[in-house]
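Some notes on the structure that comes next.
Per-chain numbering from 1; labels A, B and C assigned in written order.
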Amino acid sequence: MGAHHLEFKGRDIISIEDFSQAEINHILNVTAQMEPYAKGGSDLLKGKILATLFFEPSTRTRLSFETAMLKLGGSYIGFAEPDVSSARKGENLADTIRTVENYADVIALRHSLEGSAKLAAEFSKVPIINAGTGAEEHPTQALIDLYTIRKEKGKLDGLKIALVGDLRYGRTVHSLAYGLAKYNVELFLVSPETLRMRKDVIQGIKNRIPVAENVNLEKIIPQLDVLYVTRIQKERFLDAAEYAKVKGAYRVDLKAIEKAKKDLAILHPLPRVDEIAPEVDNTPQAKYFTQVWNGVVVRMALLSLVLGAVS
Amino acid sequence: MGAHHLEFKGRDIISIEDFSQAEINHILNVTAQMEPYAKGGSDLLKGKILATLFFEPSTRTRLSFETAMLKLGGSYIGFAEPDVSSARKGENLADTIRTVENYADVIALRHSLEGSAKLAAEFSKVPIINAGTGAEEHPTQALIDLYTIRKEKGKLDGLKIALVGDLRYGRTVHSLAYGLAKYNVELFLVSPETLRMRKDVIQGIKNRIPVAENVNLEKIIPQLDVLYVTRIQKERFLDAAEYAKVKGAYRVDLKAIEKAKKDLAILHPLPRVDEIAPEVDNTPQAKYFTQVWNGVVVRMALLSLVLGAVS
Amino acid sequence: MGAHHLEFKGRDIISIEDFSQAEINHILNVTAQMEPYAKGGSDLLKGKILATLFFEPSTRTRLSFETAMLKLGGSYIGFAEPDVSSARKGENLADTIRTVENYADVIALRHSLEGSAKLAAEFSKVPIINAGTGAEEHPTQALIDLYTIRKEKGKLDGLKIALVGDLRYGRTVHSLAYGLAKYNVELFLVSPETLRMRKDVIQGIKNRIPVAENVNLEKIIPQLDVLYVTRIQKERFLDAAEYAKVKGAYRVDLKAIEKAKKDLAILHPLPRVDEIAPEVDNTPQAKYFTQVWNGVVVRMALLSLVLGAVS
């Protein structure tokens, strides 16, 4: 890692754990520089092609990447569904990558299989950006979350942050926890019994930052700087009854944030279903749609960095 | 509406009824100005992004919008199928819009739900263009029809126009009827019993223009200036037998137009199935493929207007 | 054909049989000229639009065409799946073409029906490029194969070439056989009994070049210059047991090429399943991923030629 320090050209973005605090700070700084391009457009990546290979559908993430590329003057190719791809004909991922690297200058990969981004990076001549793989990794979302927190609070160090909802199956919350653990924050975990964060993840971050488990949201809310809410994903449950039981729990509404700080920042990776009541949308604390904008800007920074257009 | 008169920047295109005759005339005039750009390209919307959100598939309309944007030097993102979108994860339309407004400068929305474009416009910071919603509204198609008629006949006022086929379930025919009612035309309705235009629609236009219901096409054809044929859509029928019965009825072939004026203009919003015989395609009266070209030009005008590139 | 000699502007690319050796040589020469544009980009087709109409999914071919257009400074519209198209509403191909010709400057068509590209060309005002139709024609793949062979071996005439695998159902192998028959090559056919090349195809090429049927690969391998392997496509079999039986047969692994020339070129149209062992990928003889790159360059040449940007 030493030699790669602050060198991003040609690098893959596979896991938030691959980056030092200094590197993450650099990505966030470059992101801030991208804001005017996000508003006014640019020709920074003119002639470059992004391939969005989404073996698992995610309209939001796909469109965010494609928008980022367009705003940099580049263009995109890709697919949005697994069954549209050659995978149907039995092709393996390595061959798909060794094909698409002939078309695109950078590849954003979404895949349900753990480790698929890492595998793709081993075969690819062009940079791979992990756009969500398996149940573990969603590094660009973690960077968006970190950027949003830093933009809203002016800093990361010293903040009290609660993660609420499904802390077991959501890939964004894993990547975020690892990302936050690189800073001097205090973490509070709020979730139903069956959706608690896995022991190994907690252990991995507890060595670095204070983590309070099994927290009661009502008690902790007055001291929080950031409230990070996640969707309880139906598709992660094998049992529909179990889903119904926890779905409504840990819902954030006006009453829940009654005693919160005025400058609390409420985040959510979206899409949401019932976890945040619509009445919260109009509060000054709601930052989850700002997060969407930040998503484009962060991805502009990543694309520019790995393609060597900025350094 | 007064203050907005002839001001299009930032406006939504939801319903043909939202526009005065003066405003529609202005759109048609701007469309005429777009013809050279449609042929030779332009950079009028360079750096701008259109999102085509098609919750209901319509290749024709989607490609028409995307082509319009490309010919203006802009680019597009989007999806063509509902199941590719976050909707599958339970997200509501308002959240989708508040997400996509961070990606795109203008949104074209196709949706099966009545009122969805209006709802989207309430939440969106960027202009919404209704690309077909519910069974009622398809304002851009109506503008295309009006532009085609004006281009072919040199005027709208004073024309005798027959609407033929499915006048009950087709959304284009509703928007067109309301659009035509803003001009001094005479309308003839030709349809099977079960597919007659709804009473409330007829009432809405009868106050403004003469409407002859339950017309026999053979009798009226010699005096017509415009023959507007619509597809009898299988998917609107619950009963297959009922569909089979009316499918072949009111078919336009060479015999049907034998006594028509030489400069009759035959229009159809397409796709057609059996309503117009292929033998009609080569007659000088067939204008339904010209209509497709006009579709691109009209949408170029609308995109340019709502984005403030022309006024 | 005489008048069209070396004149490509406005021409359709339907079948490899429509082109003389001189014309194919010209395409391959123009392809070679495109290599720097493929690497560095160009504005040769700025403002031009390609429509990729894929009624049958083929991610690889679709992305290759779209990449080719982007690298020439153009853009694309299209669909990747039959059910997304108006075809679902019962529209016929002729109407689809007469619609899309109003959107695009050139159309790449993929369709399961024999003769569909020819039909499309009859109705279209803009050039049609056959991107794979029926079981017979895939002319752009044949041109890619010819270009790859010429690039790797420096020539086409005088080469000994084996076609291995499914020679009956694969459309690429038919187009390639007809293409090779225009040159002075020696052909060896290697396939299971049930997948032998059809009699009429063999007859068509046997008149022009020497063809050895029912060849044993092991015996012939030492003299080969090119080994062209094809996928045994599951979807071509009605009987799963039959598929299982031939699937593993005629597999190319390190042992199979042990006695091959050092400069043997192994080609495959991809995607592959089991026909070539992964261990072969790292041999200097493996050229099937180079073929993918060549695919983009050949399609750049074809788009530029039929749009009259080069001659």
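Here is the rule we go by: contacts are C-beta pairs under 8 Å (C-beta built on N, C-alpha and C of every residue); 3 or more make two chains touch, one makes a residue touch a chain.
The structure displayed is predicted, hence computed values, not measured ones.
Trainee: Any chains in contact with both subunit A and subunit B?
Mentor: C
Trainee: If I superpose the C-alpha trace of subunit B onto subunit C, what rotation angle comes out, expressed in steps of 5 degrees from 0 to 180?
Mentor: With C-alpha atoms aligned, the rotation comes to 120 degrees.
Trainee: For subunit A and subunit C, what's the span in angstrom between their mean Cα positions?
Mentor: 40
Trainee: Using the touch rule from the top of the page, what residues of subunit C touch 2 or more other chains?
Mentor: 75 - these are the residues of subunit C that touch more than one other chain.
Trainee: Touching residues of subunit C toward subunit A in the complex: what are they?
Mentor: Residues 40-41, 57-60, 63-64, 66-67, 70-71, 75, 80-81, 231, 233-235, 270-273, 278, 289, 292-293, 295-296 of subunit C touch subunit A in their complex.
Trainee: In their complex, what parts of subunit B are in touch with subunit A?
Mentor: 46-47, 49, 51, 75, 77-79, 83-86, 88-91, 94-96, 98-100, 102-104
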